[in-house]
Structure formats: structure tokens, C-alpha cells
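All chains are identified by letter, namely A, B and C, in their written order; residue positions are counted from 1 within each chain.
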Amino acid sequence: MFVDYTRESIGIVVENDFDRVRGTHVRKHLSSIYYYMFQDVHLTVVIGFGFLATFLKRYGNSSVVSTLLVVAITLQWATLCQGFFQMQRGKIHVSITNLVHADFATLAILISFGAVLDLTTPTQLIIMAICEILCFATNEYICLDILQISDVGVSMLVHVFAAYFGLTVSCVLRKNRPERETVSITLPTSDLFAVIGTMFLWLFWPTLNASLAQGDAQHRAVINTYYSLAASTVVTLAISLSSLLDNKRSYTVQIQNSALAGGVAIGTAADMMIYPFGAIIVGCFAGLVSVLGVVVFTPGINRIFGIRDTNGVHNLHGLPGLISAFVGAIAAAFATEKDYNYTLYRLFPARTPMVKTPDYWNLEHHVGNVVPGLARSALSQGAYQIAALGTTLAFAIFGGLITGFVLRLSLFNQRRRNNFINDEV
Amino acid sequence: MFVDYTRESIGIVVENDFDRVRGTHVRKHLSSIYYYMFQDVHLTVVIGFGFLATFLKRYGNSSVVSTLLVVAITLQWATLCQGFFQMQRGKIHVSITNLVHADFATLAILISFGAVLDLTTPTQLIIMAICEILCFATNEYICLDILQISDVGVSMLVHVFAAYFGLTVSCVLRKNRPERETVSITLPTSDLFAVIGTMFLWLFWPTLNASLAQGDAQHRAVINTYYSLAASTVVTLAISLSSLLDNKRSYTVQIQNSALAGGVAIGTAADMMIYPFGAIIVGCFAGLVSVLGVVVFTPGINRIFGIRDTNGVHNLHGLPGLISAFVGAIAAAFATEKDYNYTLYRLFPARTPMVKTPDYWNLEHHVGNVVPGLARSALSQGAYQIAALGTTLAFAIFGGLITGFVLRLSLFNQRRRNNFINDEV
Amino acid sequence: MFVDYTRESIGIVVENDFDRVRGTHVRKHLSSIYYYMFQDVHLTVVIGFGFLATFLKRYGNSSVVSTLLVVAITLQWATLCQGFFQMQRGKIHVSITNLVHADFATLAILISFGAVLDLTTPTQLIIMAICEILCFATNEYICLDILQISDVGVSMLVHVFAAYFGLTVSCVLRKNRPERETVSITLPTSDLFAVIGTMFLWLFWPTLNASLAQGDAQHRAVINTYYSLAASTVVTLAISLSSLLDNKRSYTVQIQNSALAGGVAIGTAADMMIYPFGAIIVGCFAGLVSVLGVVVFTPGINRIFGIRDTNGVHNLHGLPGLISAFVGAIAAAFATEKDYNYTLYRLFPARTPMVKTPDYWNLEHHVGNVVPGLARSALSQGAYQIAALGTTLAFAIFGGLITGFVLRLSLFNQRRRNNFINDEV
């Protein structure tokens, strides 16, 4: 009842469309690349993250069904939560871009699920999804609209947020509870599915990172992600195949996942001018850190906090997301108009000159239709990027704590069906 | 020999392309969104419907091969059958849009196959495909070109037609015949494939429904389908997981398929102004009806007509298709220029004013290049939509009867290889 | 360090983008169709060829991982090798088109791997990939930039090259070596994966062949490939299902692969004016030759050269690639400006008139911005196409010989881990 179509979805711009002189249909279809990106993000999030990467590895048919239910609820709920912050005249105006944003919100849910899946009932998953979307949408609004930061690959807003939210909930749920038998059914084909899932995400990651970029920034997002992923893959798989780890074969599958760390780590800076050279360095570093995480950090963290991060959420999303936030802040602090030309003001709208200053008139003269900004400096943009990381971590951890305690209420914590997620039942 | 390229495929519009001033390639590639839609429809129809949703569930390798043979024949035969109605100067002019139409014809074949697969030999499948395409193309021509109705998601033209055609053929083939042992091999991985197949269709359905729409109507088709599917998924999976059906666990897989009912039910009206609110109501209603169909109607129908609709063709395509036809008729009967702006005349070309009336000159003045129509009223457009449903049902049932009797001719009914579709043989 | 962005990826053309008068985003996203093609080629090459078609059939998890490592190395190495020939001011300028070219180089590697996979260690695969890319990039430069031939579907440059390169390496590696136990683990689900892999390639082949074409030629590439594939499928599957081969059931899977021969055979001529009629004839012929290859040629060749082409590389890529080269040469020798209009000069740039001739001024007047060519005649363009086939075969065979002997050096030929590719180890 709160939702309406946007201007592109109703016939207002139709006058242009009847121009048949050139015999083309280009102007009739205003959003081919947007639509394409939407369809691929939709596919990658649900098939890639939801099923191949997380669930099929370890669970079967009924888990998939209950997850599909959560996805269907989340897509609608995220439209509302994200939309309330953008309401105009009492209506949320929905375009295909909103569907992409709702898909990214679902991505956050699916990443967090990886950390808690062996602890929760389907009802708890639904409650957790509803709470997490609320925190997610608020944090997204604060970071993008108030702090005006740039995070094209959503490494901070989705990956960091979802990893620490999920781990906090997991920590709360596990505390003071007898270690119950966890579900660990492995289907006969599931190892192969896991590898195909990793491949699938590997191939679509350039689209994930580029889907919210525009124009020349979109080209850079694709190219940087492509090389960063290739670099992190070479590093992690070389380690995985080398004899260095001959006595740690049990980590092989998780190290394979680290091949994707390059995609997360380049996220925030994907559309900035870091060149293939920089992208490859970021990818190599992320691959190394992620492998170190699997072999060194995770066992330590698990011992200290009593978490058991079986799906490697921290190593694939948490750590590379933190790298991405810092890389993005550094790249933003060195961004100049000389390098970016006028694209600078589309990437960092807060850096646009304030209205009616000489700088503003100069830009207006050269570009036209400038939306006035805050005349923020490069360095302070970098500082704001770091501030957004702090905000994101705060929302993730406090939100996760509250959600964890809500889930522990006896109302949602009934054990009657606690093995539902087990296919055999 | 009857086929030629269209104007876009030969160099006639090439003069525009040499404009390199802007350094762009946009105008060289006239049909990016069309092409994208084509590739996705192609993928979804063949992989999603053909293999994951219907065949892999129950059959193996050799069934897939014989189906691929039928698809390859159908794509060529549909080009001719659909093309004969659109011939210009003795030639069928083939563009990528024709390939999309041929894919939808193949979709009809694959849906019908779901109803007869346990009764037929590969030769019979080929004969049936050839007959069905003939009926399908004639009905399509009558509905779209003579009755001038709107059916963007082809819910009537494909889903209703194919469901009732297939069920009629199944009814004829099963009549007066001893119940023979039917094939029901289940592969070890096939349950998982079935769920992934459902997911795959769920994710691509917005593209299926939007692929024949244009401009702002395409946006609406995507958005409406997205929310309708989400709504029907929540309804059907909530029923499936709830304790209401604890004693009917045997229906679980078919109820999961009902999650897709929202996509079929929104089909005809997908590009109309029904708003997310309307789309969600349609999706919920379709989910409910489809689940009722699985639990109540199908057992009854099977008893009365002696059909055995093992793949649930009636509940996934038949019933939601009927809902779609009525929703489309109602939305068409209330469509006003105020809501749709000039898009109205692209959705319902018959409603365009007749040539040289004052209305026509007024529209020509505002829009330009208007193709004169029949000045049909909103209410009569709604009536024509219902008339098209009647025509479709008539073609499906009479065509199915004739095809069924052709297939019973001893010529095509040889049992020598009747277990061919069984992998073990 | 050698790589920089192209003009589209930096803010130079951004002035146009701020035009918000029409409320559209079209001009902001300069390359929707290119990007779409890139993503699909990326997916098809790695998932379709790499995993489904070659590796999953016979090997498991660790083979996939070592292949992913080779792909990640190849993508980066191909960027450099192909880029060195196109350097400007000491920098390789990388756009999304370069990524597509790197993907095609990877395709060549994956095809060649099919011929040697049971003979090599992971280290040998990496060495072979590095050598092959060097030969591939040099041959590509000679054919496209010096001989100026047209090969839109890369049937010569990739399929013929990779097939004969791989077979030569296989021949050298097998010579004078005791027949060792080869790996032939078949996973339980792998037959089904093989069929789905074939389907996947079948569906995406129009995109593969059209991805390097432009404008109207892109339409033709899609349409011709679509019909050629349908024709070769009907021919090969009809043979496969017919009783002709009842006593040769062991060939069934390889004959199924021949359904794809139509896609390779139409490659070079895919964007030429051969009409659906011609495409269907080429497809039928390619299907027949490929099936004959499986049943007649391969057993003979294996006996004479001591090769064992277990993956059917010669029948799927070698023979249809040769057909494609001849079909392309014939079509090029008959190409006239009357049929192609000005597109002729985009397909065959060498046929553009030389600068400042009357023909040139005439074309300049009609089209504008003409890049002067060599005024080559249709017949001599056909001859150059054949010359390019000879060059390709020479590079493939000599390159393969040298690579084979390099791989036999004791340095790379250590047998310590020679069963690595075996999952059980």
C-alpha cells in the first residue's frame, strides 16, 4: 500500500519513444544494462550465495525450501525498510534499482545465515531476517545518505555488516548452552556443488561489484574486480596445492573459498582509479590474509569467543571486507579531479562544490546540471569512509546482540521442531 | 528457403553507425535488451522447463537427448509456422524477436510433454510437437493479430493452451488402454535438481514475463512479476511448512512447485498498471488456488477423467493461467489514458483512435507516427481478452483431441521401443 | 605495470553523461551489449567448456581446483601477450573487449587440455598454458592484423588452433612411453553433468559467435548460429537414436557432443550473408562429418598416430573448425557491396578503398569517417582466409611440437605427484 511505480515505469517519457525515424528501439528500453545487472545479481545472490555456497554444502531439500521462504519475505520487507528512508509524498517509488538494493539486503541475510545455520529453527531464521533488515537499512541510510560515502561493491555495507552481525548472533546463541549435536549431513554430490558454487560466484563477481556503478566507473569496477579475483585465486590455490600445507589438508575446501576474497577486498574501491596493478596487489594481499585467517585466526577466535564459524564467514566476508574498507578510504583520500575528471563528483557527491561558489559556476559551465555538494576535501572523504566502517561495525555488533537475545526468548526458541532443517526428518 | 533476414540484420541502417564523434558504440548495437532477453528466455525455457522442472526429476540421460532432438525440430518448425502468418513479399523475415517467439512455442511443447511423458515413445513426441505447433501458431495469430489482445507473459497463449492441450492428449491416449507399467525411475540427485530447477525458474520469471514488453511496460512487467512471485512463494511455502498438512506430506514437492504459480498468474496483466499492491494480491490468490488444486482438485479430476497429471501441469500452468486471463481482462477493462498515458496505445493497439477522427489528429499532434487502430473501448477490450481465452481453450481441446487420435494410429504407436525413455534400456 | 585503462574507463567522455534532459541513463552506460556478451562468454568458457564439458565428465574436485588455477593465470597472461601487440605509448589499454579476448584465449587452453588431460601433471598444465598463449596471441595478431581476415566465431583462431595444438602435444607426450594407467574415474552424477554441459554450450553458442560482431552483423551471427546448431542437432541426434548404430552404442556420448558441431562450423561465416538456408546446410554437413569422425576417422587416426583423443577434441573442434574455415573463405569470396551494403567494410576492413581514390571519396561522402583500407577484391579476401587457415595450422603444429618437447624435459616431468589429478589421492 505504500508502494508506487517510478517515472520510468509509467508512460510519462513515452513521447520520445514514438520516434521511429531511425528505426531503432534503443530509447524505448531505458535501462538495458540496469536490467541485465538486476537479473544477474538476483541469480548470483540466491543461487550462488544462498544455495551453492552455503546450504547445499551441508543441508538438503527442506533447508532450501525454508531458505526460499526467507528470501521471499526478505525481498518484500527490504523494499519497505529501504523505501521508508526514500519516501516522496508518502509513497515509496519502486524501480528496478530498488529490486537490486533489495537483492543486496537479501545477500546480507544469506551471509549471516552461514554463521548461525546449525543453531536455529526456521522460525528463528525468519525473525532474525526481519531484525537484520531493519539494522541493515538504517546503517545503509546513514552511510550513503548522511555520511555520503562510496561503497560500490557493498563490501562494508553488506559483507562486513553481515559477517559481524551473524557472528555476534552466533556468539549469543551459543553462550551458556550445552553443545548440542549439530547437523552435518553431507549429500553425495555436495562437494561438487560446492566447487561449482565457488566457480559461479567467481564468474559473476565482476557483475556484483559493477551493478551499482555508472558509466566509466562501471568499466573500472569490472576490470578491477576481474584482475583482483584472478590474483587472489592464484595466491590461494597455489598455497592450497603447494606442499606447504601438506599436513593441513583438512583446510582445503575453506582455502578454495579464499579464492573469492579478492572480490570482496576490491569491493569498496572497485570503481576508483586503482589500475589493474593496484587491483592485483589488493587481490594477492586479500588472498593471503584470508588463507592466514583459515589456518591461524579462526582456530584462535573460536577458542576465545566460543564461536564455531563452520562456513568460514569471517575469512571470506569479514576480513576481506575490512581490507576493502581501508583500501577504499586510502583511494578516496588520494582521489583528484585530475585523475577522475568530472566522474569524481559522481563517485563522491559530497566533494561537489557548494552552490554559488566560483568553483560551482566553473563546474556548472563545463558540465551542466550539477547537483550542489558539500565541497568536502579528498582527505576528509577518506576519513568519512573510515567513519562509515565504524558505524557499520557498531550497527552489526549491537544489532546482532539485540537480535541474539530476542532469538533466545522462549517464544521463538521452541525445540519441538529443532531438527526440521535435517532432511531425514 | 522461405526465410530472409530483417532490416536490422542487413546493412541498411549502417549509415548511422559510422558516427564516431562520441566514441560510443551504442547505436551500432540496436537491440541489447532484446538480445539479452532472448538469451535468457532461451536458457530458461530449455534448461529450466525442459530439463530441471520436468525431465530430470524422473528420467535420465536418454530422455534428455530425445527432448533436445524435439527442441531442435520445434525451433525450426515454429519459425515457419509462426512466420507464414507474417510473410511479406513471399518471405519470412527473421529477427531476434522471431527467435524469442519460437522459444515460447517450444515452451508450450515442453509444458504439454509434462502431461504425456509416461505414455509416449520418442516418435510420438515428435509427431505431437509438430501438430501442437500448428495449433499453437494459428491460435497465436488469431488472438494477437485478429482479436488484438494483450498477453505479455503469454499466460493464455502458452500456459493455458499447453496445459489443456497436453491434458487432452493424455486423456485420449490413456482411454481404453490397460494401465501399463509407467516409468518412474528417480535418480539419486534428482530431488536436488528439482529444487534447483524451481529456483532457477523463480529467478528468471521476471525476464520471461518482460521479454515481449517494451519501454515503461517492461519495467512494470519486471516489478509486478517480482512481487507476485514473492507473495505466492510466501503463501505456498508457509502452507507447506505449516502443520496444517502434516498428514499430507506426500504433496510437498508439488506444493513447492506452486511457489511459481504467482509468475503464471500475473502473466497477462504483468505490464498493466496493477501496482505492487495488486501484484501481491494476485500472487497470494494464485498460490492458494494452486495448493488447493494439488490437494483437492487434482485427485478429483484424476478420478473423473482418468487422467494422471503426475507433473502437476494443471496446477502450475492450467489454473494460474485461467486466473491470469481473468486478471488481465479486468485490468484491461479499467485501463484509462489517464493512468497509462500514451503507453495505453502500445499495450492495446486496438484502442488507438481510428484514422482521421479528431481524437486521432489530437494523438498524432502529441505523439507523432501513430498507427491507426479500431478505437475500441476499455470494456470491449476486456471482453476481447475473455474471447481470446475461449478461443485458446477451444484450440487446445480440439487440437489435443485430434492429435491424440493421430498418435493412437497404429503407425506411430509401435511398442517395440516403448521403454526407450527408460535409461536402463 | 604495463596496463592502463582505456578512454571509456576514465572520465573523458563524462561531459555527455550529465545530460539529464531526457531523464535517461542510456548514454552513461556505453557498453551494455558488450558487457552482457563479456559476462556470458566468461560464464560459458569457464563453466561450460572448462568444467561441464571436459573435466566433470571424468575427474573430480581437485582437477577443478587445478584448472581454476590455470584459468586465473591464463586470464592475466593473455592480457599481456595479446596486449603487447596493441601497445600505445608503452601501455596496454584494457577495456572490457580485452577481457573477452582473454576469455577466448582461455577457451583455447581448455580445448587443448581435453586432449592431454590424462597425460599431464598440474605443473605441466601451467607450463603448457603459458607456451600455448604465446603461440595463440602471435597467430591471432598475424591473422587479424596482418592478413586482415574475418573470423567472428573464432573457429579458426581458437577451435582449429587449440584442437591441433592439443593433439600434437598429446602425440609428443605419448611417443616412446609405456602406456601407463590413465585416470578414468567417473563420478556418479557425471553423465548427467555431461548432458547438462552440452545443453549449456548449445544454448550459449549464439552468444559466443556473436560476441565479437557489431551492429547488423551481430544479428546475423545470432540467427545463423541458432539455425546451424538446430540443424546439426537434428542430424546427429537422429543418427544417435536411429537403429543404424545399434551395434555401436559405445559411441553415444561422443555423438551427442557432435550436436555442437554446427556451432563451430558456422563460426567464421556466422556474420556473413549466408541466410538461414545456408546456415542449416552448413549445420547438417558439420553434424554428418562430426559423426563420421567419431565412428570412422578417430579409430583410424588413433591407430596411425598413437594418439588417444578420449574427449573427442578432433571431432568437435578440429573437423568442424576446418569446415568453418572453408565456408568462411567461400562466403568471403562471394561477398559484394550489393548484399552487405556498407557493412562489408566493417566485416572485411581490407576491402575498404585505398585513401584518396575516387572509390574512397565516394564512400567517404556516403558514410563518413572511413578508415582507408587495401582495396582488396572479394576473391583475394577468400584466398587470404585460406592463408590464415594455413598459418593457424602451422602455428598449432610447430607450437605443439615445441611445447611437447619442453614438457618432456625432466624438469617438468616429475612423476612424484603424477596421480594428483586423481581425486582419491
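Assume a contact is a pair of C-beta atoms (placed from the backbone, for glycine too) under 8 Å apart; a residue touches a chain by one contact, two chains touch by 3 or more.
None of the values given here were measured: they were computed from a predicted structure.
To fit its Cα atoms onto chain C, chain A must turn through 120 degrees, a value rounded to the nearest 5. In the contact between chain B and chain C, the residue numbers used by both copies make up under half of all numbers at that interface. Between chain B and chain C, the centres computed from C-alpha atoms are 34 Å apart. In chain C, the positions touching at least two other chains are 8, 13, 26, 30-33, 36, 188-189.
Contact residues on chain B toward chain A in their complex (touch as defined above): 7-8, 13, 16, 26-27, 30-34, 36, 40, 188-189, 191-192, 195-196, 199-200, 202-204, 206-207, 210, 214-216, 218-220, 222-223, 226-227, 229-231, 233-234, 237-238, 240-241, 256, 259, 273, 275-277, 280, 339-344, 346, 366-370.
Within the complex, the chain B residues that touch chain C are 1, 3-6, 8-15, 17-20, 22-26, 28-33, 35-36, 38-39, 42-43, 46-47, 51, 56, 60-61, 64-66, 68-69, 72-73, 75-76, 79, 94-96, 99, 122, 187-189.
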